[in-house]
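Notes to accompany the following structure.
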């Protein structure tokens, strides 16, 4: 069970409700969000609990939850969550959002070149890694803070909000300052201290699925963020690890409608990591939109052959531009639409 | 290398070419099809082999093959294969074909009921298992020959061609007599004697991907059929086995564009087995069409709760009818179309 | 529930019991073995069924089965099955049996050379494929019947019983004639017609685990054999397919004690296919013995570099000879022993 | 290539060598250890580099490395690494070490009870989690710092060194203070900031394999630790995630001899997580020792049914005591031995 406190509930109200619950021998778990507190009730839920708070002025609702994921589940919130970004971009309504950019920010020039190309072709959010989790310590590890500065400039020039990865709790604060969406990479999907930390700041969080994570584990990782009070989680399917080696990962397309059944959170798909081959990206991006995804995240690089990482799976700006009308038509075929182009910055 | 003999080449021509090849220390592999013979050359291919047959009247072409799959690959045939079925149905051109019907033929009445519903909603091919490979020897094993008779009647009544599974070489002859397409199930994808046997008869073969088969192994299994002279192979992606248990299998959507790159054979997708949950079937069927599949194969049962097998993944006729216009719109969005309804049988 | 008829029960007794069961609205499944019949009862088992046959002279026992695998399970037979082979070799008691030989029988000379080396080093059963399931139709497919003849000669010369693979139902009869153990390969683990066919002949059956088969599916495949009356099934763990590519398969060592819990059937381990690298074979063979396996099956080739198949995973005779005392010591460490050397043929 | 500086090399020496390398157009990577610096050379390695430093007084060796993992590989160090712990315990020589204790430290009493039982039965290292990574935010998350205090008391009472997990960089310092071995859990195997942080402190690091990590990725994660100067890494195989659900994970036994080929680092096996079922732990622990593991890590709980986590896979003290002589006999069978019991603390 979850007891949802009203927006204006005082600390005294919360204490009173907690006390009342614990007096019944149950345990409680507080999720203190920005504008309201949710009290999770752990233990054998007596049905009578609901009655006990029917007339409590400070309690908005008492919801029975049967799934292990509570705040991310449809039981707790039946309508789709919508996340609002600067530039009028929203994720999770009937529209399809396209996030694009290089795997890693290699230098300012290539980032700006890519960002402008993405915006002109109709992309909505700029992606680009400043901190890169690399399998080998001897590989390029990203530009770090300098990369964040380049992203800030690209955002200023194009008006596109920015998504970038954060790898460790101590860097959450300044990455979140630079980003409009904070990304948790696949390798960190179960880095719980990091999840808690991004849950304590207000920027939306794009949570990539772990390489071998089940849907349930993924939603429970989202739960770590939500239970800290940050409800702006976007789930990103990016392929799972299987025996098949012809593609880099196996894109789990059924995860899209399944997540839509289980959760109210928006779902985007990354066909670049999902396939690892640029020639498969457009077809699988179309498939993702047809399956009901709220967005697509793809890697674009002006010269994939020279990319410092993930070149083989990066689209050229030309291929990216060719993909956009295809996605638009597929979105319309299923009664949705690709969102409008981001407004150019004034001034 | 593959030496493709002209359609009218005589046995003497073939012997002569084989002799000439083997005189160079190479081995040969004969694929005798209905109207032409292909001579596979095994060993280190000298480039000069091509020159040696440039002026040979009986030789149509000499093709260099670098992939392990030869006859199924794009190197050998660059244009898409198209398979023609009774009722004017064709698989593999720009159109999308829908195959539907019950998992297993349970009795004549339910089969006819389903067949008519499928046809009315715009389905093109009737599926239904008479011989069922079941994990347990204690489960319902299908009606066998009686099931084939029911399928024959459904075909006569609706005009729809029929696809049904064959499980063992000794049954190929009479299953192929009753079927318009002979299906090889996932568990038999590497049952090589069965593959050879269906390769020796003329009906098209729908080859399901094995539960843990790589794309390459799958194309090599197709190769067993093709190398016997039957070029009418349809590949059917039906999900692979992974760690994820929220769905019955993981539908490998990227296999569709990847197969299109590697092979000229038509590709259909089975979202029923691919997901195992009927509520996910329509979204993933749309995704398959958007990814470029030449067809869809789904399970339909008038009363899924009473199905002897695969009830949880079967669409009702109502849901099937609701899916068809969705697939039509997605097909059109990518410049393709769902094929016309099968002509009703006259008489 | 399973009703076990006494050894001498007549057909009339069986009919009577079946009739009595079906009169209660239950279905029956007959398993007619060589010396006794087992009547499987399908449907909701009333506890009273047991009482109904307490005093029936023709009924030996009525056993309640909760697992989907019945005849292969511990519920039905609590003591370990032991399989007796010519030459005094037995599989499944406290001893550890070693099966060894080339992947495929390439010619008589190399087979005899290998067989003598295996026997001298203390091996018990000669393995060698005459019919080879190969991923590609263009690879060496085995010598077929000629290979069986070579195996017969090797058996005559060394006294070692022979295990060899059968690939299709129509070949069961003559393969079973030549073999002391008939092998079902991993790709055919769910080739149900083949399983039924080997279940109808008397030679023991070595059933390899499918590449992506669960333990439960594997035992249900064994059940296909047992339910035809052949109780001589040996389970062979040979690695499963996973994401890891550093080894050819992932040897599932825990399958050994797990099968011992669930089933009374003997379990052997094939570390050659399980790892795909000869340098890992000895260590994993030791592990298999330590885990409680009833035997080991390894590939041995006099000149692995020249092998027509599986060279990289084949031991040389020298390495095989070095492995034997290691296995002996590990077996003794856990209170078991490696079986005595096979008696040389007289005459 | 790796250039290994002599132990006493000055910063000026290092600068000089780096300069000389970079003057050839190559890049360098410094690994500054406690007593020596290793200069990794990145780029196309000219063979002449070796000659260039033959007579350099400050250079100990120039080693050509072909694998992506360098410092953890056999190419760089051919002899097995041995790690020395308090109480005279060493990991990585010819002896087998047993680490045991509860999954999580639940309270001081149960920890002490378990620790004494482990020591009396011959265990060498006490394991126990104070910080627990749990899939759900609503599960017991460990006692945190209080748990570390309990571990300190257990170490003081029993003399056994302690291994415990650290989950985030900011906690490395005080966890490392309390622990004799710092554990990186499976979910954090690619948490690179955490790896770097434990690489900068001197306590040995037990690095668990990620649920879907390849051997190569695992060694590259070890490389993150080693490249910071901490060479005391112990690899812990704990099962990988596969399609099989009969066990919690699939224990990859072949990883043991494979790691021994590729790396000089000690390897231990965790059959508790590897199987998830206590009844399979002893057999697979024996298998691990037979395969050549340098140690075993198992969960022991005095009352598994009441455990706050991992009860089903925990041995009772009685079962643990029964396992020890079995491991001893298997170790001796392969020419190794289980280490002596830890000396009791004096005073």
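To keep things simple, chains are lettered A, B, C and D as they appear, and every chain counts its residues starting from 1.
As a working rule, a contact is a pair of C-beta atoms (placed from the backbone, for glycine too) under 8 Å apart; a residue touches a chain by one contact, two chains touch by 3 or more.
All values derive from a computational prediction rather than experimental measurement.
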Checklist outcome for this item: By Cα centroid distance, the chain farthest from chain A is C
Item to check | B-C against B-D, pair bridged by the larger set of C-beta contacts | outcome: B-C
Checklist outcome for this item: Whole-angstrom distance, CA centroid of chain B to CA centroid of chain C, is 34
Next on the checklist: Report the inter-centroid distance (CA atoms only) between chain A and chain B in whole Å.
Outcome noted: 39
Item to check | Chain centre separation (chain B, chain D; CA means) in Å | outcome: 50
Checklist entry - Do you know which chain C residues sit against two or more other chains? => result 212, 241-243, 245
Item to check | Contact set on chain C toward chain B in their complex | outcome: 29, 40, 42, 68-70, 133-138, 167-170, 187-188, 190-194, 211-212, 217, 220, 223-224, 227, 241
Checklist entry - Which chain C residues qualify as touching chain D in the complex? => result 212, 214-216, 240, 242-247, 250-254, 256-258, 260-261, 271, 274-275, 277, 279-280, 283-284, 286-292, 326, 329-330, 332-334
Checklist outcome for this item: Note: in the complex, chain D contacts chain B through residues 212, 241-243, 245
